[in-house]
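Encoded as structure tokens, the structure appears first; notes follow it.
Chain IDs A, B, C and D follow the sequence of writing; residue 1 opens each chain.
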Amino acid sequence: MSIFVNNKTRLLVQGITGREGGFHAEQCLTYGTNVVAGVTPGKGGHIVAGKIPVFESVHQAVNETGANVSLIFVPAPFAQDAMLEAVDAGIELIICIAEGVPILDSAKTLNFISKQGARLLGPNCPGIISPAERCKVGIMPGYIHLPGTVGVVSRSGTLSYEAVSQLTALDIGQSTCVGIGGDPLIGTDFVDVLKLFNQDPETELIVLIGEIGGNMEQDAARYIKEYVTKPVAAFIAGATAPTGKRMGHAGAIITGSDGTAAEKKSALETAGVVIIPSPGEIGITVKNMID
Amino acid sequence: MRFSARGNVIKIHEYQAKELMSRYGIQIPEGDTASDPEQTALLISHLGPPTIVKAQIHAGGRGIGGGIKFANSPEEGRGIAEGLIGSHLITNQTGAQGAIVHKLLVEKTVAIKREMYLACVIDRSSQGPLLIVSPTGGMDIEKIAATQPEKILRVPIDLGAGFQPYQSRNICRFLNLDPKFIRAIFDLMTSVCGLFIENDCSLVEINPLVLDERDCLIALDAKIDFDDDALFRHMRLSNFRDASQQEELERQATEAGVAYVKLDGTVGCLVNGAGLAMATMDLAHGVGAEPANFLDVGGSATIEKIAAAVKIMLSDTNVTIILVNIFGGILRCDILAEGIVKAFRDIGSTLPLVVRMSGTNVEAGTRILFESKLDVSFASTLRELEGILSAKYA
Amino acid sequence: MSIFVNNKTRLLVQGITGREGGFHAEQCLTYGTNVVAGVTPGKGGHIVAGKIPVFESVHQAVNETGANVSLIFVPAPFAQDAMLEAVDAGIELIICIAEGVPILDSAKTLNFISKQGARLLGPNCPGIISPAERCKVGIMPGYIHLPGTVGVVSRSGTLSYEAVSQLTALDIGQSTCVGIGGDPLIGTDFVDVLKLFNQDPETELIVLIGEIGGNMEQDAARYIKEYVTKPVAAFIAGATAPTGKRMGHAGAIITGSDGTAAEKKSALETAGVVIIPSPGEIGITVKNMID
Amino acid sequence: MRFSARGNVIKIHEYQAKELMSRYGIQIPEGDTASDPEQTALLISHLGPPTIVKAQIHAGGRGIGGGIKFANSPEEGRGIAEGLIGSHLITNQTGAQGAIVHKLLVEKTVAIKREMYLACVIDRSSQGPLLIVSPTGGMDIEKIAATQPEKILRVPIDLGAGFQPYQSRNICRFLNLDPKFIRAIFDLMTSVCGLFIENDCSLVEINPLVLDERDCLIALDAKIDFDDDALFRHMRLSNFRDASQQEELERQATEAGVAYVKLDGTVGCLVNGAGLAMATMDLAHGVGAEPANFLDVGGSATIEKIAAAVKIMLSDTNVTIILVNIFGGILRCDILAEGIVKAFRDIGSTLPLVVRMSGTNVEAGTRILFESKLDVSFASTLRELEGILSAKYA
């Protein structure tokens, strides 16, 4: 089992003929993902990676290939259009990699999505991977993953790769790894993912990787306290970041009292979460919890 | 200060924010800007004292820092201007170097009956713009949130339907304003929402929003921030740019298109991904090595962009060591390595590097660095990195 | 049992100090409805009908009285504001009586409602009544109703009163009577109501009253054919209306082929619905079906 | 024609629709209006022939009705204008009396490469505006829908996000237009949506939308209907009103604020509620008594409004009997009865009435009618009403 994606995933890649889109579509394919179609307006009829047909529109791609998940690589200014096109064409799960999507575009997209009943992951996220299903829908390096029972959810892409590497190095496999993205407005948050991990019979332990800014970790803490029956370990990045400065991620700016790493750690600790003290100790902390 | 990995930051002055508000029908105090003492005196005699003189810098805390002064005559204004223009104003938000003052905003004082707070931001839970109002004006809203949360009303705006009359009634009641202000509040909030949405703002703040003796609602102070990511569709905002207000290295980073925040330590940190960058800073701090900067080279970086980022780090004279922590996803390690080598060669730097790379094309990247003859210590895990750094700073 | 409203309904009346609002709030109260609050901005603190407290805002009314259903009597130009206020304050079921709500206002309201998970009945509808629950939330004359097992759903107000009168005259009682409204954009349609009647153990037979214009009756026919297990009788008004002319209801205009009474009757007949030939024979048709 | 129970109907001419479209950046043919033959000739010589001369009436079917003609010279145009202006143009939509022509729209002809169809309406299933496009232009869209449904593309517009670029690409592909038109289609659709939403339209139709030889998209014919219920916020649209184009009794009904449609029978029908009104007409028709009108007095009617409605019915000389069918909800039977009595007394009519009233204050209403000494037959049920009418028309 896995959450969000599995061997029934029929992946469409929007922006497949771009540099990043083409590279990562092939990487997903190589990993084992069932990449059924690509879309780039003006490039309909092309073939990518020797076998992925390119269509003019998402509607066409869905009609011809039954694609049900879309991975979006178009540049940020065009991401809203691509996301809405995917929703309109009936795609159930949309994963938007693009960094720098205007926040009002995200707001409009999320409003439309909530009306239509689809799910968005991101924007500004690395995607999802389920090693046991050989299904990689995103830009994470596939080879670092190992099938197993730890669910990983993170706001940060590279920090989640770091976490996975440490787990795999200790022979601790992952059920599903979900990057929810670093923007202040995202389609799927910690609570959404925690809910699914908690229900997923294959997930036995959850690693949550948060950072400064916003209050999503506090929401997660409340949810964990009330509903989550599985052990959770958490690392929060940004303990040394100065107040009032924006640390790259649009979501990572500390405003007032409710965004500091200390406050988040304390909320999670109160909810019974094991706090990982240093970024180098993610793997070892989980290992100690399992042993 | 706010930074963007896309390098397109626009911050604007109070007078520019007020100009924009005025275009949306929001009332602002009568006034204008002056760039020298003579102009200041002339403006004051034209407006008629008493007036207020406000230094225009890209930082808050001006009142306590001495950047906001009353002038009861043109002569007094000239004196204030002589002291302020050209000086570096130091406030609790500028850092020790201060911010240079080029312009003053001179306004006729307002006869204040009440001071309130109004802002518009993006709200995660309602997934759209959110108005924040408080009957307590002139104070830091975070302080109010912490000490008197019941004094803050949060009003979410639906992007399809817009600001509604019932919200105006609720706001009026919350602010304890007479029902006769319902229409004025409606117009003001509609203007603020329009300004926010049409210009892709990330913050519109009026603090204080005052009720004057003629029962007009006036934006006494104004602050507008924009969503850097949406600047591509507001090219005319570039006219607002004021390079004099930005820290030099951060200005260069903006131009290079990398997210960079200068800090006070000695360890230059080059990382991809904001989360990993923050974690790397946390790790350095943990072994007593203070970071000299936050630097996220982002996902799709080119050799030139990496080189520019490294050069910016190297031109910080506090830096004694470069820490590289890369987990290649979209960013490929070979491109990163080439960028680093290019920067070191161009500058001729001999500083030591501690490098931990992982992910896409890591072998190629390692080879490039290995063959470069730079002073590189390689770590294959974060704990190894921690160990090397710890040894150097022990 | 009943659908939508019952003895747990705590009714709020928006626009209660107006002529219609006041009159009908009292009528609802007299019938037995638990009218707990009214709202009229500027009239907070007043008392209507000797016992209904008036509040300045829906938020206040909900906080103080636990109101969960709202009946809206404000004039059409202010209906959008009133509906959005009710949704925002957490009201679950909103019944908008106002006739002449601009259609874009309805569209914006429906978009907001679908995001928030509330339900709207109307606009331009007479409301709902459940005789056995002594719960009347609308402008229908209460005395014509009789508790029983026939569910009535209608686009037209007065025509539904006519239907109920005929049923009651023959001693055939009603479970719930729902007026969905005559506007082209409405919050609750035939299919929504049919679904609930089909599940409601107390409803044994359904009377559907449609009219020319739109294709809601055809949608209902499709739904009945596939899902509804209870007998349905239908009357369609407007067989003699000329094409291209709007018959009062904004929704009642025949355009092209898909809006005529003949087409609707034929679709319903195909779905096994008993067609009532004349408006005077609603009661007798149902009686014959029962006997 | 469309009617509203609120009595605020605005219909506009083609030239006014085009003027409005032009304000939104939609291209229209070069041209202007003329009110007499001289002006027409002058306009043609100014524009340069060949031109097209189009009678401006509030009804379709003008082409077949002889209201649209080519003029290859000013003289020819003068002749056409002499024939049209002041005449009653009869088309398949005007009825036998026709519609009077006061104005002509004179346009330079367009070199047409392709004719297409475009409209915007409100869609029930997507709960917002819906664009309808077809590569088949110049035809009745209902005919296309019936015979070639695959030639119609329906594009729903989200009120929050607006028209999207991908929709433009889809439309272009569907219309089989070269991708170079994607931008032009985007601009056109954005304009149509803006026009539709900002003016509370119920229909914006461009049929045909043509591609001319210079590859411009042009609205060759234009039709705009407004949402009567939203006219209160578009008061300037009142300037568009052209009373000469409305049937006299329907015009009076509009003023009185009742929904009235004149028909060809002899039974004047006074009913409350559109559904019951239609059902009552069906019932009359069923016993061989043809309705003279549809009339819904609406919910909150006053005595004056009822009286005005009755007077309108009574002034239709075909009417020989008045059928009243009222189920009082918001409308109270006593008010209705007083209105009827007032109208009959004011006019002094002696026509017979068949009255069936039910619901709120029915006893008081019955007493008023009973005491009025008018020729009233009372029915207590619809079947009784059917019986009385049936007896009279047997």
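Just so it is clear, contacts are C-beta pairs under 8 Å (C-beta built on N, C-alpha and C of every residue); 3 or more make two chains touch, one makes a residue touch a chain.
What you see is a predicted model; the values in this text were computed from it and never measured.
Trainee: Among the chains, which has its CA centre at the largest distance from subunit A's?
Mentor: D
Trainee: Return the chain pair with more inter-chain C-beta contacts, choosing between C-D and B-C.
Mentor: Result of the comparison of C-D and B-C: C-D.
Trainee: Using Cα averages as centroids, what's the distance between subunit A and subunit C in whole Å?
Mentor: Roughly 44 Å, centre to centre.
Trainee: Can you check how far apart subunit C and subunit D are, centre to centre, with Cα atoms defining each centre and the answer in Å?
Mentor: Chain centroid spacing, subunit C to subunit D, equals 28 Å.
Trainee: List the centre-to-centre spacing of subunit B and subunit C in whole Å, with centres computed as mean CA coordinates.
Mentor: So the centre of subunit B lies 53 Å away from the centre of subunit C.
Trainee: Express in whole angstrom the distance between the two chain centres, defined as the mean CA positions of subunit B and subunit D.
Mentor: Subunit B and subunit D have C-alpha centres separated by 56 Å.
Trainee: Can you list the residues of subunit A that touch 2 or more other chains?
Mentor: 108, 111, 114-115
Trainee: In subunit D, what residues contact two or more other chains?
Mentor: Each of 158-160 in subunit D touches at least two other chains.
Trainee: For subunit A, which residues count as touching subunit C in their complex?
Mentor: Residues 111, 114-115.
Trainee: Inside the complex, what are the residues of subunit D that reach subunit B?
Mentor: Where subunit D meets subunit B, its residues are 158-160.
Trainee: Once bound in the complex, which stretches of subunit A touch subunit B?
Mentor: 19-20, 24, 76-77, 97, 99-105, 107-108, 110-111, 114, 126, 139-141, 144, 154-162, 165-166, 169, 182, 184-185, 209, 211-212, 214, 216, 235, 237-242, 244-250, 252-253, 255-257, 278-281
Trainee: Give every residue of subunit B touching subunit A within the complex, in rising order.
Mentor: 1-6, 93, 122, 124, 127-129, 141-143, 145-146, 159-160, 197, 200, 202, 227-230, 232-233, 259, 261, 263, 271-283, 285-286, 291, 294, 296, 298-300, 326-330, 358-360, 381-383, 385-386
Trainee: Would you pull the subunit A residues touching subunit D in the complex into a rising list?
Mentor: 41-42, 56-59, 78, 80-82, 84-85, 88, 108-109, 111-112, 115
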